[in-house]
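Labels run A, B and C following the written order; every chain starts at residue 1.
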Amino acid sequence: MYEVNYHRATSVEEAAALFAKAGDAKFVAGGQTLIPTMKQHLAAPSDLVDLRHITALKGITVSGGQVTIGAGTTHAEVAGSAQLRSACAAICDLAGHIGDPAVRHMGTLGGSIANNDPAADYPAAMVALNAAIRTNKRTLAAEDFFTGLFETALEADEIIVSVSFQAPAKCAYAKFPNPASRYAMAGVFVARGTDGSVRVGVTGAGSSGVFRHSGMERALAANWSTGALDNVSVDENMMLSDIHGDAAYRANLVKVMAKRAVAAAG
Amino acid sequence: MATVTLTVNGKKVSGEVEDRTLLVQFLRENLNLTGTHVGCDTSQCGACVVHMDGKAIKSCTTLAVQAAGSAITTIEGLADGTQLHPVQAAFREHHGLQCGFCTPGMIMTAVDMINRHKANGSKLDEKTIRAELEGNICRCTGYHNIVRAIEAANAAMA
Amino acid sequence: MGMEGIGARVKRKEDQRFITGKGRYTDDFRMPGMHHAAFVRSPHAHARVRSIDKSKAEAMPGVIAVLDGRQLTGDGIGNLICGWMIHSRDGSPMKMGAWSAIATERVRYVGDAAAVVIADSQARARAAAEAVVIDYEVLAAVVDPVAAMQAGAPQLHTEAPNNLIYDWEIGDAKAVDAALASAAHVTEIEIHNNRLVPNAMEPRAALASYDAAEDHFTLYTTSQNPHVARLVLSAFYQVAPEHKLRVIAPDVGGGFGSKIYIYPEEIVCLWASKRTGVPVKWTAERSESFLADAHGRDHVTRARIGFDANHRITGFKVDTVANLGGYMSLFSSCVPTYLYATLLSGQYDIANIHCNVKAVYTNTAPVDAYRGAGRPEATFVVERIMETAARELGLDPAELRRKNFIRSFPHQTPVIMAYDAGDYDATLEAALKAADYAGFAARRAEAEKRGRKRGIGLSCYIEACGIAPSAAVGSLGAGVGLWESAEVRVNPVGTIEILTGSHSHGQGHETTFAQLIAERFGLPVANVSVLHGDTDKVQFGMGTYGSRSGAVGMSAIHKALDKVEAKAKKIAAHLMEADEGDIVIENGEVKVAGTDKKLGWHEVCLAAYTAHNLPAGMEPGLKETAFYDPANFTFPAGAYVCEVEVDPDTGTTQIVQFVAADDFGVIINPMIVEGQVHGGIAQGIGQALLENAVYNADGQLVTASYMDYAMPRADDLPSFKLSTHVTVCPNNPLGMKGCGEAGAIGSPPALINAITNAIGNNNLAMPASPSRVWAAMHA
């Protein structure tokens, strides 16, 4: 790792101020992606502003179906929240399968979505749940937030504070892990709103990162069943292709995972 | 450079480190606690697992300065004097180790795993143990005896 | 035996330090003034080094030296060697290109060392290594071994035209061709035995220090064979004469073959420590291990086997291209020849076998022995073709094997090996029974109802261990003898130190070897220390690989114990005024048979050292050394049955049952043997299901971290069902055969046979990743 200057913030305002004073700074939350990236010399910020000790970024509230999760909430905390599980178990299950237990103790929701790894799990959920992503500057819809591979609408000095969504009537996430990295080769989050509307978020498989699958959404809105997906096609041209699986295989996985998610959602 | 102060294995320690120093480097090089190992550079092998404030974390993916103010437990701090922790004893009893390199991380992960499942009352069966070991790679044992050791320790800690 | 003798499940003595974090691995050692080495590694698979600009790196903080290959060779450091001479079928010697520990003119694989930086911290050394500017002239690269032999392919070494290292053969080609031509049925397969990265969990490391006053070097290193390291470093690399070089291999975190070899980094650390005057340490990062550790396997093979009308094998023809990478690693040449083709008879009585092996240079990391070394490749060919033939012939795969088993011993195969003992029916029957082979059809039908494809696969493997009779391997080209040595030091108080040339890096020698003392004298293993891994302590040794530490290393201890026992009996007979032939040693006592006369073991030992009253002419002391050279290889064998369920939607394979029935001869510690089998099977399953080292056409290693190289994890594997069935090895005093590699040898074909059985398509390459299985199901 190259040399770096570390700053610990205890409030969002302090974090923003520390960031503004530094040269080429980055925010670090759990650090489970950033620290390895820095170790490999693939990132070289001059300064790190640590958000992990900011109380205001932590916590989960559920009120009348409205869910808010602090950006600094760890995957383990999301996975283990009984309150959240009663409102939206799928997001708990998703968080409980990110990385491994030690990674889940450090890694945070905010860190995950800010990084927008195309194989990360949370972006699929954010898109399917139509989550609102609140920062210290504004609130963004999830679809406007994720802009491409490792790209988001966040400005460099912008801090994610929380994400909020209305718990859907039914939802589930199904993931097919890469045999090596265990990141998603295809992860599909399906959500059916209380009004019957359906959103399907797909991660891992797409060559441009997370995306919604409108064909699946239409089919499932008309008929919420696994059979409804039989005749929906997944465009291979949109899929990643690598040593772990070609585009045809990934397209198949997207459909299989979507069916499994629908089945799990009930 | 920064002075980091934290509690390691129950003792308050401080040291002068560069901000870029990883927790595992601080443990190994400043404190000579060489039981915590580095087996990969992508946070996947788990040889470096320690407990921070009672939770398993990867000390190769945490800066020492990030850990400042926390309480760290390493493999060297697990036994109560000469009395082995039940997980340590079970790894020996069930031949859950061969070359010993992944062992400290395995044991620290197993302790965390058992503690968590006891705390939330969930069952720790073979399938769950294997899933919980996703972040720890062993090249020697084929995991068979590691699973036996964790099953036995889980029973012993009831 | 006592409670801790042969056959006892003694808990490991070494575990106390490992479970408390007190193991001492190479990277745990530090020395005053120690500096760190970081290698500048080629980013190109093939390039000429035009120039090296060190100025920026040299000016960076903490940097004390930036060194290159010309300085290395200028100081007289010799090239790396391959220590086993293979002759091509035309009689010409293998064509070995030069390999300098740091490249001088040309780099030949991504990761090839081009310079080294020595600095006062690892981070500073790494940063400075990035600042070394090397002007490369990038050359065309070739990574495919078959393509490398074609006209017009990029040429790696001028010594080896068409990149061909040797074109070797064994067996009678004409006889095999005739047998195949007249066969009632011929089965043919083509396979690629996938390239693997060994991935011992402890990355390689070296810590070298030079003492100018004594002109003496000390090297701590991650080695399976420190004496061989010292020998090669002295005799070939000219680092220092042997008496001026101490090599210590302390606790070593797994080897699997990859820590046999003496690597460039060890040579460079020693050389740099003298040149800079400070101790120099290098510890690989995992990404460096992927690039620069010797890889394993990587064979492309076409095989044909003929059967008569009674389904008896009449001839077997195998043509293999072996990818040895950019340079010839220390034992690379013998792996695809004498450790491979000599096992192609498997467990079967085959009159005619011919094998041709072409070994080839490519722009990839050097390939050498990895757990099993040649024998997994042979077993994969034999057991895949047997299974395929059974399917083609419409026979039960178990029955086709039974029809061809060797049942009379000794058995001379047409490919050198003379099998000494075995009972292949016994292991196959045991495995089939444990797997409930007869009930498989019902299980398959039940799985079908759940939408799963269930399959079962067999593998009947044989291997040659106990490497090796020195004269025999010498005649086949080995540059060293493969005996082992031991010293048994009995202290005046009766405790014992065993010094062995074997090296334990997970195998539990400190326990198993001590059990020989418990067996022999009835002493507790707690009274025994096993010392290894230090050339200043241990007389000499050839190290641990090829499942040799039991059959060869323990035989040496056995021989030394014979001498200790004989001397102790002489002393006791003298002290008790009895006949030497009446003395028995048991339960820690030395007795005169048929009387109540006895002495404590410690009393006899003390008498040996006080020397107040020894037999006339006897030297004081009780310490004996033995060198043991085996009379033959040993032949562990067994049968594995794997049962899988495949998810047809995703191609995911779940191993629902894995049964192993092994014959390792006499077993000293069953607990440790089971552990070796578990680990071996896991590595074999890893090869068959998950692991794959992939280079792209430009020679970049695509799978250069655990993000892309799939290591077997706990949830990829089942618990294993094991059993052992003993036929005693007649060729060593303990009757042992060896168990370290069997699991890795026997398991890959069992798994692939099971998956191909499940999906009904025999054409499936390793690793059988979900995407490949899915594609095979939709082919």
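Worth a mention:
In this section, a residue touches a chain if its C-beta (ideal position, glycine included) is under 8 Å from a C-beta of that chain, and two chains touch if they have at least 3 such contacts.
What you see is a predicted model, and the numbers here were worked out from it, not measured in a lab.
Counting C-beta pairs in contact, the pair that comes out ahead of the other among A-B and A-C is A-B.
Chain C has its Cα centroid nearest to the centroid of all protein Cα atoms in the structure.
One simple way to say how far apart two chains are is to compare their mean CA positions; for chain A and chain B this gives 28 Å. With centres taken as mean Cα positions, chain C sits 44 Å from chain A. Annotation for chain C: residues touching 2 or more other chains are 123, 287, 706-707, 711. Looking at chain B, residues 18, 20, 41-42, 44, 134, 136 sit in touch with two or more other chains. Across the assembly, chain A contributes 1-2, 40, 181 as residues in contact with two or more other chains.
Note for the complex: chain B touches chain A at residues 2, 18-20, 22, 41-44, 46, 49, 52, 55-58, 60-63, 65-66, 68, 109, 112-113, 116, 120, 132, 134-136. Within the complex formed with chain B, the residues of chain C that make contact are 11-12, 14-25, 27-28, 30, 123, 199-203, 251-254, 256, 285-287, 505-508, 671-672, 674-675, 678-683, 705-707, 711-715, 717, 719-720, 743. Every residue of chain B that touches chain C in the complex is listed here, in rising order: 18, 20, 28-29, 33-42, 44-45, 47, 74-76, 78-79, 84, 88, 91-93, 95, 97-104, 107, 126-127, 129-131, 133-134, 136-147. Considering their complex, residues 1-6, 8, 28, 31-32, 35-36, 38-40, 48, 50, 52, 76, 80, 99-103, 105-106, 181-182 of chain A touch chain B. Listing the residues of chain A that touch chain C in their complex gives 1-2, 40-41, 176, 179-181, 243-246, 249, 252-253, 256.
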